[in-house]
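Below are two complexes that have subunit A in common, paired first with subunit B and then with subunit C.
Coming up: the complex of A and B.
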């Protein structure tokens, strides 16, 4: 049994390496020793993204100078990124398994509303403030995870496409929220809860630190563990993963359950920040998170993309949003630019990949001349 | 292939840099001026008209005042715009909140940063802002429904009232004031229901409710609608050949003009978004200058010449009555 398992593991790792190679790495995974090279030079998509990011940062520096890079603005951006970033991370997981999750925001709103009912004491009254907050957090996260699991069950066992399944659950979850609240806001949370939303450690918002921690954990789980690699393999080629002995159903379940958990975190972050919970808050995030995933190089067909890409792209989007405000753009222009960015990046990923591949090859040549052992990390 | 990439990258760079250069001038002049920003709910004819008012204020005062429009009616967009404005250190933010309570933490942050915050259509959160500006007291506006419906029906007969939803506090305030006014002024009129009917803010619902009421109460002589869907009531009456029934409704020129012109809506009630926007931003300007807004202050817009300030809310008296004759003068 054990040897079979090992064998399967070895095979899936090999397939994984192949799929990474086809993702644009150019060289076999085994020779990419320096993490920096693996992350930023070898990955054409990240290359493009870093390039756009640096370009954007430079344009912003030239055009807006201190109003973009003031401490106040950076902090304000750091406060705004997490709630959206968590949703984008969730969408990334859906993309990785070749699916989509339209219900993330509805899930976040519903878990926010349920947390809200507990926080305001409308449900389970008579608890101490501290235990009320703890209970609200635990219940909201549990429920959101269960909602994610429900999506996963629909997709994995009922063989419904994730688009249809999550379209259904999106309406379903919002419907529950509507029924519970009648469309009104749940308001009046304890101060000690909302103060977490504005708390900062050495000038860095607490929620931003949480977001970074979530990103690191996700990156490690996806890219450093066997299960994470299996998820990539499953997303990139479900047939190969099936023949490698991977339980495909379990992969879908795991991905969508994790999305549910992220949605719960996003929901809590939102209600912490806006001091109220309501159906329909953040609806625009669904569309935006799709854009972020595509720009971040998460392949919609599954199996490709890195967490760091989402990190860079959310910052990029936030910078763009801030500059749109400074530029006083109309909402039509804003939409137009998002669309344009999407098309540009799609163009970059198809033809651009090949070009950037060539670039990265030439960058790698001097490194290749060095003795093999010298660049061991 | 190389070309495609190079082209797209260049296009991106050019687009970004032209956008940036094009506005650098306007942006640099900001320091010496007072900057007041109005955040509206979304882009639609109502708020486009409000934008006209803001543009007029910019001409009249020469201050840097402009409108920011969220891409959608999602409250998170307003919060994000507000956050960005706070870090841009504008002098005042005016906002017509989509979800007033969700904005409170951000409003608090803005005020802590020394920014004046003035709301419009958000009397519920007046204690969290510097000032809330309202076009009228809801009671006064509601009374107008009663006055006009009584006038149209000749002071007798059965009538019914609609609201968007029973939870909509503004609509309920108008409804109650209208019913009270009719009781006091036209005692022969009879309300067929103790509770208002809900049109759920949809034309469909308003239409089908009206058809049901016509069946159940064939003697009915009048309707009033506190939401803007009176045109569906008028359409139902036309379809059922009951043009003898009078309708008074909240109205928007874009949707109600035809019904007002052919008389199927007797009178339309509204207020002018351009004036409301003007008055709100003007109030913010006065607050930034340190002049303050008190009872009797002139906010320079029609209907707001002598506002009444009560518990942080500045009330104007700016109801607008649409008739067949004046409806063509408005476009929102």
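Coming up: the complex of A and C.
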């Protein structure tokens, strides 16, 4: 590893002296509380999101009380969140690199169908149940990752816009699924497979734990590693990242390949819960995951947004859906609340930003004041 | 020095009106603050018709704020604006436009997908409240305005395909179509070639003759002197004074602007005379450059000058792996290398400070720290899991801020919030962390104030003294003659002349270079330089005889 200290050999005394003079200007404003600050206070979007979340939680507590916060309802929410959450995480990655991926759900369905064929023994017959399940999972995830990679190759090397490329592959992947199944459901999975979908550890669904684990891994990779930093930079300004020696093609490939893997996980989660595989499952998730990303503060132009935002937003959405179930409203009304949420958060964000600026200004002031004279160095 | 300080204190406002020029706009006691920061402090100023008035000052000195106050974008805290005899304590953009005040901003704000004619006519048509598009009328308006400035443009050309110069002229015509009486132009010449600058300046004098008040904001002092009648100098939000431009020279003006004496030190190569470590042999790229051969030694600052399209930038991109040459060789330390991407260029120790700081150089929405480490992310990661070392990033950023004297409150400040000069220093810092052996700088001081400019020169020269080779691409001859020990003159994709150290000592080299980049004819350029030398000799001998 190269040393990064900026030692200047034979540095002229003059520059040294002057740099010492302005030393005060370069001192960090504040490094305390930076974790909390970075995550919540410094990020206007996240801030607004947390506010809405608390508001929602409070309203639900007042309006529904135990029917919302009963163990059974919380558990059923935790069962429903992962499949959609995984798709939203995939869409987030596409947003981060300034693109969009319309093919996530088609990819999830197709990998679910292929897993289904192996699980039911229609493909590779004669295997034992245990190895059948293992093989189905491995093949489904490999194929979904390859489908993601294919999107990445189209976008990175053929310079097709991600919208067009994934619109094409969405139709393509659905088409393959249709050809394989003829539009019928693949049914008859082994019980030991579907029981994973309803398994729980200490009351918490296994798939929910898996979803949390994926979120944590993704958050760490994006926010704590060098490659994550490169991805954010590339998404924010691809021209500048090219001129900084970042391999732009590799960024697109990595992002869309990872989306493919997430789609595969989502596909498996869906067929576990539904106990069948079919083209068209979860089609509505495409549009909904776009809304989730926007609400979660993932900037569609790329380069901005945090994984935790997706986590909070998916829970928020599920709470909304649950309250509608409790109110026994038509499921179509759920769409209405999604739209309202979108408007609410965006509206709040704008004002939230103003409010936040004022707050942070008053917080920063003492730290920002510098010794007189450092300015006119 | 003493003498300047004295003038500065007594700086009289430019009163007295020998030609009886009409007063168009007067600013009285204008003050504008942003938070604690006083952007304008009791500014009194008059703009007269038939006069080209230059506002000079470093970045952040208040020139642009004043323009925004007069055009109604900002409301002043205090003071009055008098336009055509009417008093405004604050003026709205619409009122300002009705009074005939037009501003042409640096980015021009044109509709790129529309034609020249539509762009010219659109403002005027909007006022007439017509519901339908009347094409003959559009062309009529456009042609009328173009004839006023005596320029011929293709009216139907779509603007995104047009040159910057055409866009510039279109913006001027749009302002004229809106019956502009007072025209502000913010850095209009930044992106123009010298020939286009000539054309623009000619248009400006034409407009001046027709009685417009033209307010010109520029960093290029030679243009200020060529065109303006009055220069108002701003520093730190205060007016230093109004000066008739014939009473000023460059040195005095830059002294007023910065409050200190600025002279660019001349670079002298001090590195030991060893053979070159980078050699270009017959490098060709069709339609861009051909047969480029160049040797670069440690400590060389090699200047590259030439008009737009002369192949300089294209060559620089090739060396940085963004524009593959068709044929020819690049040798580093005697070995032939293929530079296929910026990553390989960086592996070979080549860095590029790109031409467009805002788009290519910086992540404007990210902090200084993130920007400075953008090219060394790999080196800041742990080798096994690739975790990023935020502490090292911070210390690298703090070191860079100190070393390059970047003016900022913290390394967490967004780079987009910095002034142009400090932004450029962030880009420099980014590349210095990669420890380059060859640093290509493509127009590093465009749109940067004089103070930062000389600091950037100082940094570049210091790096060269430490043994870095620098390739300096620039349109400013003075920048090259004071910083380079060799200058390559580009013309139509070829290096037509490589001036070595001894040749640069000749004071008439400037004449030679100017003639060479324009004509491409070495013999002609040499003749011009010879004539200049002879002229100077005659003058000195005449002066001697006169004594």
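Throughout what follows, the second predicted complex is superposed on the first by the 314 of 377 C-alpha atoms of A that agree within 3 Å, B and C clash if a C-alpha of one lies under 4 Å from a C-alpha of the other, contacts with A are read in each partner's own complex, and residues count from 1 in each chain.
Convention: contacts are C-beta pairs under 8 Å (C-beta built on N, C-alpha and C of every residue); 3 or more make two chains touch, one makes a residue touch a chain.
The structure presented is a predicted model; accordingly, all values stated were derived computationally and were not measured.
When the two structures are aligned on the shared chain, A:243 is found in touch with subunit C, with no touch to subunit B. When the two complexes are overlaid on their common chain A, residue A:227 makes contact with subunit C while staying clear of subunit B. Contacts of A:321 after superposition: subunit B is touched, whereas subunit C is not reached.
Greater residue coverage of subunit A by touch, when subunit B is weighed against subunit C, goes to B. Using the contact criterion defined above for the overlaid structures, shared-chain residue A:82 touches neither subunit B nor subunit C, since it reaches no partner. In the overlay built on the shared chain, the residue A:302 is in contact with neither subunit B nor subunit C. When the two complexes are overlaid on their common chain A, residue A:235 makes contact with neither subunit B nor subunit C. The touching residues of subunit C, counted against subunit A in their complex, run 35, 320, 322, 341-343, 345-346, 352, 354, 359-366, 370, 374-381, 383, 385-388, 392, 394-396, 398-403, 405-412, 430, 432-435, 458, 462, 465-466.
If you check the complex, the residues on subunit A that touch subunit B are 51-52, 55-56, 59-60, 62-64, 67, 70, 72-73, 75-77, 79-80, 83, 182-185, 187, 194, 197-198, 270, 273-276, 278, 280-285, 321-323, 325-328, 330-332, 334-335, 337, 340-341, 344, 347-348, 351-352, 354-356. Chain contact summary for the complex, subunit A toward subunit C: residues 1-2, 4-6, 8-12, 15, 18-20, 22-23, 25-29, 31, 224-230, 233, 236-237, 239-247, 303-304, 361, 367-368, 370, 375, 377. Subunit B meets subunit A in the complex at residues 1-2, 4-5, 8-9, 11-13, 15-17, 19-21, 23-24, 26-27, 42-43, 66, 68-72, 74-77, 79-81, 83-89, 99, 101-106, 109, 165, 167.
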